[in-house]
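Two complexes come next, and they have one chain in common, subunit A, joined by subunit B in the first and subunit C in the second.
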Partner chain A sequence: MPEIFIDNKRYEFEEPGKVLQFMLDNGLDLPFFCYHPSLSIPANCRQCMVKAGMPVYDREKGTFEIDENGERVIRFFPKLMTACSLDLADGMVVLTHHTDELVKQAQADNLEFILINHPLDCPICDQAGECPLQILTYKYGPEGSRFEHKKVHKPKAIQLGPRVILDAERCINCTRCVRFTDEISKTHQLTIISRGDKNYPMTAHGQIFDDPYSLNTVDICPVGALTSADFRFKARVWEMNQTPSIDISNGKGCSTWMWTRDNLVMRVTPRFNEAVNDHWMPDAGRLAYRRFNENRISKPQLRLDDAEQVRTSWNNAQLTLLEELEKISAGDILVIGSAHASVEDNYALRTFFSNKGVSEFRFLPHIIPGSGDGYLISDDQAPNTNGVRALGFQETDEKTLIKLIKSTKPKMIVILDDDLLGRTSLTPDHLSGAWTIVFGTNHDETTRTANLVVPVTTAAEHAASYVNVDGRIQRTVPAKETLYTNRRLNLEMSMGRLDHYGTKFDNWVTDANRVDCISAWEFFIRLEHDGDAPKWESSRQIMEEIAGLFSTFRQVSYDRMDEENGIQLKLEQDTEVKPA
Partner chain B sequence: MNNDWKSYQPLLVPAIPDLHDISVYEKNNGYQALKKILSDAKTWNPANVINEVKTANIRGRGGAGFNAGLKWSFMPEPDGKPRYLACNGDESEPGTFKDRKIFEFNPHQFIEGAIIAAYAMQIEVIYVYIRGEYRPFVQKLQRAIDQAYEKGYLGKNILKSKFSVEMYTHMGAGAYICGEESSLMESLEGKRGYPRVKPPFPAQRGLWGRPTTINNIETLANVPLVMNHGADWYLAIGPSTHPGPVLYGISGHVNRPGVYEYPAGMNIMTLINEVAGGVRGGKKLKALIPGGSSTPPLRADMLEGVTMDSDSLRQAGSMMGTAGMVVLDEDTDMVELIWRISYFYDHESCGQCTPCRDGTGWLEKTLRKIKDGNGEMRDLDLLLAICYRMEGRTICALADAAAWPVRYSIDRFRDEFEKKCKKTVYAVA
Partner chain C sequence: MADTYTFDAKDLAEIKKITDKYPEKQAAVLPVLWYAQDKFGHTDSSVQQLVAGTLGVPEAHIRGVVSFYTQYYENPMGRNVLDVCTCLSCQVCGGYDMLHYIEEKLGIKAGETTPDGEFSLQSVECLGACGYAPMLQVTNDKFVNHLTREKVDKLIDDLRAGKQPEFESNPMPQHEKGS
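Then we have the complex of A and B:
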């Protein structure tokens, strides 16, 4: 197998590749700014310089030349090489800052160059704390600067587009953003303008940077030059907890990080997942974080007679539902699952009502044809259409549903987290003949019409699974607490930065920001007072149960999802429930 | 090379009236080399043409001095897909103004050379990249190209052979960096003129990812000479390590500045004193920039016996570059001069690589400080340090080009720099 010697240590490589990526894959450190594994390699920051050489091959003898110590004679390249663009070669010798003084000096020199025109405004810069320039300067940089002139001044706080703001002075011209719009989002909206130390990224004259993926440039910007118009000046990175999650704003289900502080989701950023979204996600998914914080339903709401909805206790909400159920027979109940809710919640809904004798379960896919782009934005607006389908919910369009309501005149309509009134032609009149219970996260037209509203958790608050448009099942991890979360007991809760380094709980939590809600499945186990009730203690257990019942979900478990970053399901398999 | 330069007859820009007209050029042995090759394709198959040019050792006239035939031989075998020849007439190095003479007075010799090069490398498309400021010369060249098309030297089935080639001109928009071969290609492709990382080299992946060779205009104008008279004849002109005619662009403090064509390897003092009429106003010579602003300046006392060819100039501590000689008399303020050169490179750095983008600006600012009389002695050390940190650490050679004049000037004219610096004494605590 071909071999390479990095800092006098031997490594083997199989695939051809570049030295920098190989070093990163092997956990070796080397500073870099412009390199990004998913973009082309411009080698323009010149930060990852190493000394590299090849053994001298004696063609006549057919062997490598050997010196008097029995070592291979190495012919080093005359100049330092950028590791990012240097191809791996059999027998290559690479010396980094650990073993070569010149490389160490070159890396420090390069940082000195970068910093001479970089405003050292870290205390007011949004990037501080997660800034490669800051981190690498501490690690590899010079002790000070010998630059005693006025720095180059460039425009600041330019609104490039609706979501991205540029501070040109901070730009170190790595061209990652330009390459992103050229190679990934392919809108070609950014370019570098001007020359030399006066240059910075800009749109064409009069154009706005409205790329649907524009915020990815903020993520990959190695300095604070590109900042998010939404997140700017809102929170410091070190104050936030970071929880792995998925994007539930569309069917693709990009892997994300959910950043929380004070029990509020502050921002959502993409998390690397080769199988789904690589390093990227659409802007819409990031800005969807507001639904976790704002307009939340806290505490159950009950409509008494035809009056306004009033807040009520959980106990009262449960008793009311049980009373209503006693009044009617199973045939009078219409249960509508939701592609916006998780596999577990839909399963719990289904289990509860099948135990009550209901046999038909329906759901309305939320698909807007033509709204997707074939990349990370899908036509499907819901994160779990395939999951609900796989659980045996019957796909129903709105016309059929309205017809169904008109013909069968159900006495009770159960709607799981889905704003049917808001997004379909269903009107309050259609529901007026029935007693309606809605499980909802945010106030919307549907919850306002309901007779009973049960507030349920969002993807930010529960551990639950969703099956994306490609049939990949992925799960969320609770990132913010509900009123009932006990961090010490709720083992699904993520461990935050502060949990690791300080207290066992997030000391930025403000009780006011806790929402009074529970997962839908928790509501159902509370309803059952008899011995037949499901004995679920966590959504993890529910998934185990589902995995045992549905062939589609066979082998699926939270542990496997965590380990493999989601599991690809075979959707064409039959989804019938096995006899228990 | 003694005094026979006086009897030398120009070959690249001969003194023939209206040579830019195709009929005059044809009457003066024009397009004979091309006819000779195409009429005897057996003897002159592409490989043989490359060999002949390689043997003639035409050193690239764009500054690097690389054997043109050897460069051509790097092109891979044709695979039926497009491959390109790009002719570099960007000529933006301060002190260099030779290619314009060819465009103006002998464009057909260049066109003929380019066609032969295309034939040798089996290329069907030639781009001529010319600096935008050369508008009148571009028009002259365009007329010459049109004439060549009319006469069937360009286009489909040239001179009824199977060989076809198209030639297009492309005007630059004023960036110095677009004279660098890889950013020239980026610019031709319609992109921002950023030099490319090598490898891959242009012969592997050039214009639009296809094999491409880039040659200087003057280099190509030498090709018909080689093909007409043979490599041995060509090798006999000037030193065999750097043979052939050279267009010396002499500017600065001389009595008769201009472009002069003589064999390579001319004695520098002969060029200054006899060809260009000596230093203006009878002043003493102070220094010479031998090949465009990026080549290290030589002090007058370093010029003894130095000739204008790569080897001799390297020994003397400089480079041949483009043979754009800038003559400086005793009144020249070296600090002011070097600052002005640094200002140029600061302005022209494309801004891609960190050491060049920020280093050129730092050099310029520090030199400006010294020039304005605010410099301190430690600034000289700083300048040298910046230069060492820029050299060889960037994608293209602009950082080197910016650093060399500064570094070598401080080396060679340190007293002048010191004179402008304050003798600050720092208290040592």
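Then we have the complex of A and C:
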């Protein structure tokens, strides 16, 4: 097998590749800025320089030349090479800063050079704490700068587009952002203008950077030159908790990180997942974080005799539902599942009501044809269409549903987290003949019309699974506490620095922003006066039960989903949902 | 911005000749920008838009190219552009004197254009003619070397009369025969 010697240690490689990527794959360190594994390689930052050479081959003898110590004679390239663009070659010798003074010096000098005109405004820069320039300067840079002159000034706080702000002085002209729009989002909206120490990225004259994927440039910018208009100055990265999750704002289900502070989701960023979204995600999915924080339903709401809805206790909400169930026979109940809710919650809904004797379960896919782009934005607006379908909920379009309500006149309608009134032509009149119970996360038209509203957790607050448009099941991890969860006790939840070292009495810690809600499945097990209530302790356990019952979900478990970053299911029917 | 610039059929035929020489459209960006600048006198944002549309190359890329090369004019210029070198060798040999003389004569500062649109004046970095310092370049074309006030006077009169300077051959002393 071909071999390469890095810092005098032998490594074998199978596939052709570049030295830098090979080193990263093998856990070796080398500083770099412009290289990105998913983009082309311009080798323009010059930070990844190494000393490289090849053994001298004696053609006549057909052997490698050997020196007096019995070692191969190495002929080094006359200058340092950029590892990001250097092809692996059999027998190649690479020396990095660990073994070569020249490389070490070159790395420090290059950083000094890059920093010459850099404003060094880290204390007020959003990137601080997650800035490759800052980190690499600590690790590889010089102590100080010898540059005593006035720095070059460039435009600051330029609104490049609705979501991205540019500080040209901080830019190191790595061209990652330009390559992203050229190679990944293909909008070609950015370029580097001017030259020398005056250059920085810009759009064409009079154009705005409104790429639907524009915020990815903020992630890959190795400095604070591009920042998010929304997240700017909101939080320091070290104050936040970082929890792995998935994007529930459309059907693709990009892997994400949810960043929380004080029980508010501050931002959402993509998490690498080769099978779904690589390093990227659409802007819309990031900005959808607001629904986790704002306009939440906290505490059950009950309508008494056509009056306004009033807040009520959980106990009362449970009793009210049980009372209604006493009065109404199973045949008069219409249960509508939701592609916006998780597999577990839909399953719990179904289980509870089939125990009651209900046999018809329906759901309305939420698809806007033509709104997707065939990449990471799908026509499907809901994260779990395939999941609900695989649980046996019958796919129904709005016309059929309205007809069904008119003809069968159900006495009770159960709606799981889905704003049917807001997004379809269903009106309050259609529901007026029935007693409606809605499980909802945010106030919307549907919850406002309900007789009983049960506040349920969002993807930011529960551990639950969703099946994306391609039939991949992935799960969320609770990122944000509810009134009933506790970061310190729930081992599933991540702890940030403030959680570890702060106490409830520190003035920078707040207990606010905890919503009074529970997962839908928890509501059903709390109906314990009722002998039919299922006995689950966690959503993990529900998934185990589902895996045992449904062939589609066979062998699905939380552990496997975590290890494999989601599991591809074999769906029985076409995954493409046909709109009516 | 209103699309006030267009290529007519003859222009498009010329541009086709240029693009035919290259395997990819992007490679034709420089010569087509030259063509456009010759025709319109500059390559401002509307011209950039026109070139981008004609070639099917992203407009942002065209802007990057235009702003990289100082020879493309991102803003409309006078009919004649005088690039006076004020880099080291010319500076030592009186480049600034020449620049200031021209400024006075035309009544404008470097970076400005005369109100009649006849002349634009710029102070530029080394044009690679240190041996003939001080010097200037006329509209990205001929060099006028060994500048003196008289030479400047004549140049400006000539240019006003629509006469471009001649190419001057300046052999270096070491290349002169017999030396």
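Descriptive notes on the structure:
Just so we're on the same page, the second predicted complex is superposed on the first by the 549 of 580 C-alpha atoms of A that agree within 3 Å, B and C clash if a C-alpha of one lies under 4 Å from a C-alpha of the other, contacts with A are read in each partner's own complex, and residues count from 1 in each chain.
The rule is simple: contacts are C-beta pairs under 8 Å (C-beta built on N, C-alpha and C of every residue); 3 or more make two chains touch, one makes a residue touch a chain.
The model shown is predicted, which means the values in this text are computed figures rather than measured ones.
Subunit B and subunit C, once both complexes are superposed via subunit A, clash.
When subunit B and subunit C are set side by side, the one touching more residues of subunit A is B. Once the two complexes are laid over each other on the shared chain, residue contacts for A:203 go to subunit C alone; subunit B is not touched. Judged by the touch definition given at the top, the superposed model places A:147 against subunit B, while subunit C stays out of reach.
In the superposed model, A:128 makes contact with neither subunit B nor subunit C. By the touch criterion stated above, A:47 is placed in contact with subunit B alone, subunit C being left untouched. In the superposed model, A:188 lies in contact with subunit C only, and not with subunit B.
The clashing stretch of subunit C relative to subunit B, chosen from 76-84, 148-156 or 166-174, is 166-174 in the chain A superposition. Across the superposed pair, subunit B and subunit C both touch subunit A at residues 191-192, 194-195. Listing the residues of subunit A that touch subunit B in their complex gives 41-47, 49, 78-80, 82, 85, 106, 109-110, 112-114, 116-117, 146-147, 149-150, 152, 172-173, 175, 191-192, 194-199. Interface of subunit C with subunit A (complex): residues 1, 45, 48-49, 52, 58-64, 67-68.
The part of subunit B that touches subunit A in the complex is made up of residues 175, 177, 192, 194, 197, 346-355, 357-362, 365-366, 369, 382, 385, 389, 392-395. Put simply, subunit A touches subunit C in their complex at residues 181-182, 188-195, 202-207.
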